[in-house]
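Following this line, the structures themselves.
Common to both upcoming complexes is chain A, partnered first by chain B, then by chain C.
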Partner chain A sequence: MLALIALLPLIGFAINGLWYVAVQAPPGGKKAGATVSGVIATTAIGGSFVLSLLVFLRLKGMPAEARVIEQVVFDWMTIGDFNLEMVFRADPLSSIFTLFITGVATLIHLYSIGYMGHDATPGKFFAYLNLFSFSMLMLVLGGSLPILFLGWEGVGLCSYLLIGYWYADMDKASAGKKAFIVNRIGDFGFLLGMFMIYDKFGTLDLLALRDTVLQSSSAGLLLAADLTAITTICILLFVGCMGKSAQIPLYVWLPDAMAGPTPVSALIHAATMVTSGIYLVARLNFMYSLSPTALTVVAVVGVVTAFFAATIALVQRDIKKVLAYSTVSQLGYMFLGCGVGAYSAGVSHVITHAFFKALLFLGAGSVIHGMHEEQDIMKMGGLKSKMKWTYLTFAAGWLAIAGIPPFSGFFSKDEILWRSFSAEHGSFLFWLLGAVTAVMTAFYMTRLFSLTFLGSPRFKEQGEHHGHSTHPDGHHEHGHGGAVHESPMTMVFPLQVLAVLSVIGGFMAIPHMSWLDHWLEPVIPVDHGVAAGVAPAMEWVLMALSVAGAAAGIFFAFKLYADLAKVEKLKQRWAGVHKLLENKWYVDELYEALFVRPIYTLSVALWKGFDTAVIDRVVLGFGRVSEWSGQTVRVVQTGSIHLYAFVLLIGIIATAGYLLYGLA
Partner chain B sequence: MNQVEPWVVLSFSSIIFMIGFTGILIRKNILVILMCIELMLNAVNLTFVTYSTLLQDMAGQMSVFFIITVAAAESAVGLALVIAMFRTLRSVSTEEIQLLRE
Partner chain C sequence: MAWLDSHLLTATVFLPFVWSLAGLLIPSGTEGGKTSLKIWALLGSLLTLAISVLIYQRYIPAGPEFQLTETVAWLPVFGISYSLGMDGLSLWLIMLTTFLMPIAILGSFNAVEQRLKEYYFLLLSLETGMIGAFVATDLFLFYVFWEAMLIPMYFLIGIWGGKERIYATMKFFLYTMVGSLLMLVAIFYLAYQHKVQFGTYSMQVLDLYKLTLGGGTFSSPQSVMFLAFALAFSIKVPLFPLHTWLPDAHVQAPTAGSVILAAILLKMGGYGFMRFAFPLFPEGVAYYQLTFMVLGTIAIVYGAWVAMVQPDIKKLVAYSSVSHMGYVILGLFSLNAVAATGAYYQMLNHGISTGALFLLVGMIYERRHTREISHFGGISRVMPLFAVAFLIITLSSVALPGTNGFIGEFLILLGSWKANPVLTAIAALGVIFGAVYMLWMFQRVMFGPVTHKENEGLKDLSAREIAVLVPLIIAVFAMGIFPNFFFQKLEPSIERFLARSIPGGAAVTQVVDPVTSSVQLVMKGN
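Moving on to the complex of A and B:
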């Protein structure tokens, strides 16, 4: 049953993929509509969701300590005494991940049927989407690190394929390339970490590794050298997480990944794939907990990323870019949570974030769809009355991410903030940065919301208000006219479901009586320890502060963006800062100068200086030598058999003479 | 019965061999060249037979039978080739047929 969860999307991928390759792609092939391919793909992933639910219920029926279901599908390879099984394992952590992954993915598949309705190759799109789901499920269900890594690479590949889905556009193709390369840098760390684990503990199986580490640590067998090795392993693995989960310094690919179709941004680059880094840290919490240094690194990187990305999101004009930076920022929160030892708080934010960020992205997709591929929020406004459902559901997502109680984001974010202050590894600085980020989050999300849905329209209804050359999001054949319209039912329904989840999702992790903490306890030990010198009452003070901060952020944003002339004036006054933020702190330019340029120059030098000048010359030289020698020797070939016979005679005489008389 | 001296026979076969070889070197007509090859083969046969008698060894005569068989097959193939060549190229002169040179 476990393997089937992952297998179903793979089957969907095979059907859609083969059908596309064999029938639709060849010239003159019959194109399939988005509906048929979409229904196949949605059924496949929907089936996975049902199975995940069954697995979840079965785990729930077991006693808490025994909540593990394992399935060995086949022996993958055996090298010496190293045996690698294709093993799937469901425990509370992975079952909660499969549940929300398949759930959100099903909704997004459904949504894509409407969104990709005008696309030229929906078969390919849905095949990729299913392949992604398969890889992601393998990542969370994999019972050993290599299986997890297989999924880890698979999601990276699918991310590349889907970002560059409209590859005819050079910018989109290179955005895909950027994502892949940056991810590979991270994977390098993951691989090294994995090798070190095998070297140190002799196993890659997650359960065996956990037992080994916990036993030797409780028996006091871990020496200082071992702890250093664990720190190194944790940091190396975290480098992998930096790549996949878009943390400083490897976050640069995620904003560019918005070049892909919007459902992809929602599924891969907001709800699921980017959270796999948090999954890995939470999964290996027993190792991270042994290494305060690694935890500090995780927390610092997380909180700095959260803060840094939020500042960029303040001034972006592209609706998807704002959401992308907000994703980076929220991922930073999750790592902050993990980094102070509150893994379950991180996981709960992963889940609520999956709900509301998928909702926000899909809402943005609906807006983009309704506005005929317009992504600049400065050219929107007043969509409230035109897209009622999108407006309402987006509002739910907005309040959730802003951290207004009782929406889901409030509970998970506040838990992270409180723990970042109170936990043993926490500090006031973490809390402060996190809280300021929360205020900024509320501010930029309100800005986005207000500019998009409120006020008066800043676009011309009907006609050519969107130049055809500047289509930012792909599909070009919109049959219908220029009127802004609400999206079809297949797109609105997922929005409604996600909106409900965004509203109520937080109740599974109410601080102090968190169902989620309890559920995850077999995997993630519950630790509500409060560091010395922190009064428990502080929790309420801080909670009030963060809610007040969020409310203030919302209030100021509303006030400011009600009058755009004032915004313009403010922009003039702070032109320098605005420019810095608008250009994303010039990080892309910095990387360009530091890494891309030198490598590019080196490559060109090697190409011209070595490949062309040396290797090509040698190879061509061989050709020239044989040509020259052929030309020289061909005069011997006269074609006259008399001459040949004569030479033969001389040869015979010479040979005979030599044999009879020797050289003398 | 008077036996012929071996050196007479050997000289005779050498002369025939040289005649054949000279023919290959100087004649242009392929048909004649084929005949010269026959001449050389038969000169070799004669040598074999001579030494066979001289040394009382039947291996020489065995070789002769082989050579006769191969020579027959060779001339059949050779003549067929000459006919095919004449059909396509309208000539049997080695002066005009020097295709390998190109």
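Moving on to the complex of A and C:
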């Protein structure tokens, strides 16, 4: 049954993929609507959701300590005593991930039927979407690190394919490539971490690894050298997380990833794939907890990323870019939680974030759809009356992310903030940065909300028909005119479901009576330890402060963006800062100058200056065979062949002489 | 059955050659004649494939080291005999050869229109040479096949090659000659040593494994002999810095030539290391272990970097071979079962994915008569099926998990980490740069708008081209998901290879640090 959870979307992928290859792709292929392939794909992932639910219920019926279901499908690689099984394993942590992944994915598949209704190759799109779901499920159900890695790279591949889905636009294709390569930099760390684990502990199986580490730790067998190794392992694996979960310094691909279709941004680049890093750290919590150094690295990277990305989100004009930086920032929160040892707080934010961020992206998609591909929030406004459901559901997401009680984001975020202050590895600075980020979050989300839905429209409504024919493969060719409209039911329904979840989702993790903490306990030991000198009452003080901060952020944003002229003036007064933020701190430019250009230049130099100029000369000798171009026949004809033959002969005589006299 | 067993290898080796001789009788003046010639060649290669499946069936991994053996005295005075035999190391390389040959021939149907008779004759003789080298258990016989298979390759490049084929052929010739002549001298030295130590000349590899040769210093016989063999094999691999013949040979060779060259001829190098250089001179291996691991690592990164800046797709693929084969060297010299299995598997993978890449490049070359990356762009829209195939092979080349490439690279690096973590970390950079050069090339060729008018009307894959690519695509996934199918018949041979290649035997290979072992004991104890 476990394997079937992952296999169903793979089957969906196969059906849609073959249909694309056999029917849609060949010359004169049929153009078909998205309905058939959409229904196939949605059914496949919906089936996975049902199965995940059954697995969850089965686990729930088991005694807490015994909550593991395992299925070995076949032996993957066996060499001597090195054996890797293709093994799936469901425990409380993976089952909770499986549930929200398949749940959110089903909604987004459904939404895509409407959103991609006018696409030229829906078979391909839904095949990719199913392939992604398959990979993501392998990632969370895989019982060993290499299988997890299979999913890990698989989701990266689908991300690449879907970001560059409209490949005829070179910028979108580049964004896809960038995502893949930056993720590969992270995977480099992941791989090395795996090699080191195998070297040190002799296994890559997650359960065996956990047993080994915990037992040798409690038996006092881990010496200083082992702990250093564990620190190195944790940091190497975290490099993988920096790539996949878009943390500094590897976050740069995620904002560009918004080039993909919006359902993709919602599913892959907000709700599921980018939280893989948090899953990995939570999964390996038994190792991270042994290394205070690694935990500090995770927490610092997390909180700095959260802050940094939020500053950029303050000034972006593209609705999806704002949400993208917000995602980077929220992922930072999750790592902050993990980094202070509050893994289940991190996980709970993963889940609530999946609800409200998927909702916000799908809402943005609905807006973009309704506005005919307009993404600039400065050209929106007043959509409240034209898109009632989108407006209402978006509002739920906005309040959730802003951290207003009792919306879901409030509980999970507040728990992280509290633990970042009170936990053993916490500090006031973590809390402060986190709280300031929370205020900024409330501010930029309100700005987005206000500019999009409130005020009066800043666009001309009738007769416009912009952006439709930019993609030659003919996606998004609306058959109707330019009137802003509410989206079809297949798109609105997922919004409604997600809105409900965003409102109530936080109740599963109410501090001090968290159902989630309890559920995860077999995998993640519950530790509500408060560092010495922290008064328990502080929790309420800090909570009040962060709610007040969020409210203030919302208030000021409303006030400011009610009067756009004032905004303009403010922008001018702070032109320098604004430019810095608008250009994202020039990090892309920095990387270009530091890494991309030098490596490219070096490579050309090696090719022309070493391969051709040096090796050919030295190996073939005598400089005659030197240039790539021309001259070649002459070289053969000028008699240098005799020279080679002569050199050869000398070589043979010398060797033979040596053999006869030197060795005998 | 016994008769069949003792002649099966001879039949497999010589069937293509004899078949192609018969093919010379087909009149090729007319269109119909040309077609029958092509079909004849294809049938010959398919028949060889069918026979090689028999070899697979009859090979019992738990049985004796060499199976299906056959020995006929040849020059008994010098201990030279016609001896064939195969083990796991031979098996999959034979299968790779017989699997790719029909594909290469079918892929040539439209590419080659001149001197058809000679072309198919040479291709099939080449197959005889290659299979022969994989099953020869007499060192001299191996050398004969090794040299013999070069001759058809010279002509394939020299006659059907591109504009600068003469230069490429000369370079190829010089490089390989230098290497193999030194190896020949070393072979004679070994036969002579056998006379000294056992009283008779012998070229039987199993006899020569028993020689006692001094080692440990630069001038000791093991080090010198190892180097003589290693030079020949490194050139073939090709190992940095002996790789510069490869890009030229590839770019100039006709598609089928490139496919065979990359997929099988390069494997002769790795096979030679595993069959001869390592087990014959374990102390030579120990002496040069670090040197070669460093060279392998350099090859991985260097090949990837230089591949990245190539303007010609074929040259890019050629340099990617340098990078991919660097992994093989790194894995072999790590001297443990995981890395060695990975290295062997990587050779098969490289055969499949690089062979497929050259076929794909050949397909667009036939349409556009250019291989410059900048002459393409937006091909995905014009040739969507081609795009699917190209994408899958690209992913195999960047070693995405689920494809064959991952298994090889993963096992090599996992094993080499035990031997040398620092070099492994550097080598793993290949994981990043491999993605850079492949995806960047893919993007420039396939994505974006169609910028050249000539590309607008390109036809998508024909049925024949689909038939060429589908077996390769199936192999990519089959090998990525079920590697154990291949490992089963490989494992005992890898163990023997290691037992001989490590001075003092495999028992002392695992340098286990005490802390780790205590940790692992805890685990095993429960």
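Throughout what follows, the second predicted complex is superposed on the first by the 591 of 664 C-alpha atoms of A that agree within 3 Å, B and C clash if a C-alpha of one lies under 4 Å from a C-alpha of the other, contacts with A are read in each partner's own complex, and residues count from 1 in each chain.
The rule we apply is simple: a residue touches a chain if its C-beta (ideal position, glycine included) is under 8 Å from a C-beta of that chain, and two chains touch if they have at least 3 such contacts.
On a predicted model such as this, the values are computed, not experimentally measured, just so you know.
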| item | value |
| --- | --- |
| Which of chain B and chain C A:611 touches, first, second, both or neither | second |
| Between chain B and chain C, more extensive residue contact with chain A | C |
| First (chain B), second (chain C), both or neither touched by A:4 | neither |
| First, second, both or neither for A:27, with chain B first and chain C second | second |
| Contact residues of chain A, present in both the chain B and the chain C interface | 641 |
| Chain C-facing residues of chain A, complex | 21, 24-27, 29, 74-80, 82, 146, 149-150, 153-154, 157, 160, 164, 167-170, 173-174, 177, 180-181, 184-185, 187-188, 191-192, 194-196, 198-203, 208, 211-212, 215-216, 219, 221-223, 225-226, 472-473, 599-600, 602-604, 606-607, 611-612, 615-616, 619-620, 625, 632-633, 635-636, 641, 644, 648, 651-652, 655-656, 658-659, 662-663 |
| Residues of chain C that touch chain A when the two form their complex | 164, 166-167, 170-171, 174-175, 177-178, 181-182, 185, 189, 219, 221, 224, 228, 241-244, 302, 305-306, 308-310, 337-338, 341, 378, 380-381, 384-385, 388, 395, 400-402, 406-407, 410-411, 413-414, 417-418, 421, 424-425, 428-429, 431-432, 435-436, 439-440, 443, 446-449, 459-460, 481-484, 487, 491, 494-495, 515-516, 518-520, 522-523, 526 |
| Contact footprint of chain A on chain B as seen in their complex | 21, 24-26, 33, 94, 98-102 |
| Chain B-facing residues of chain A, complex | 637-642, 645-646, 649 |
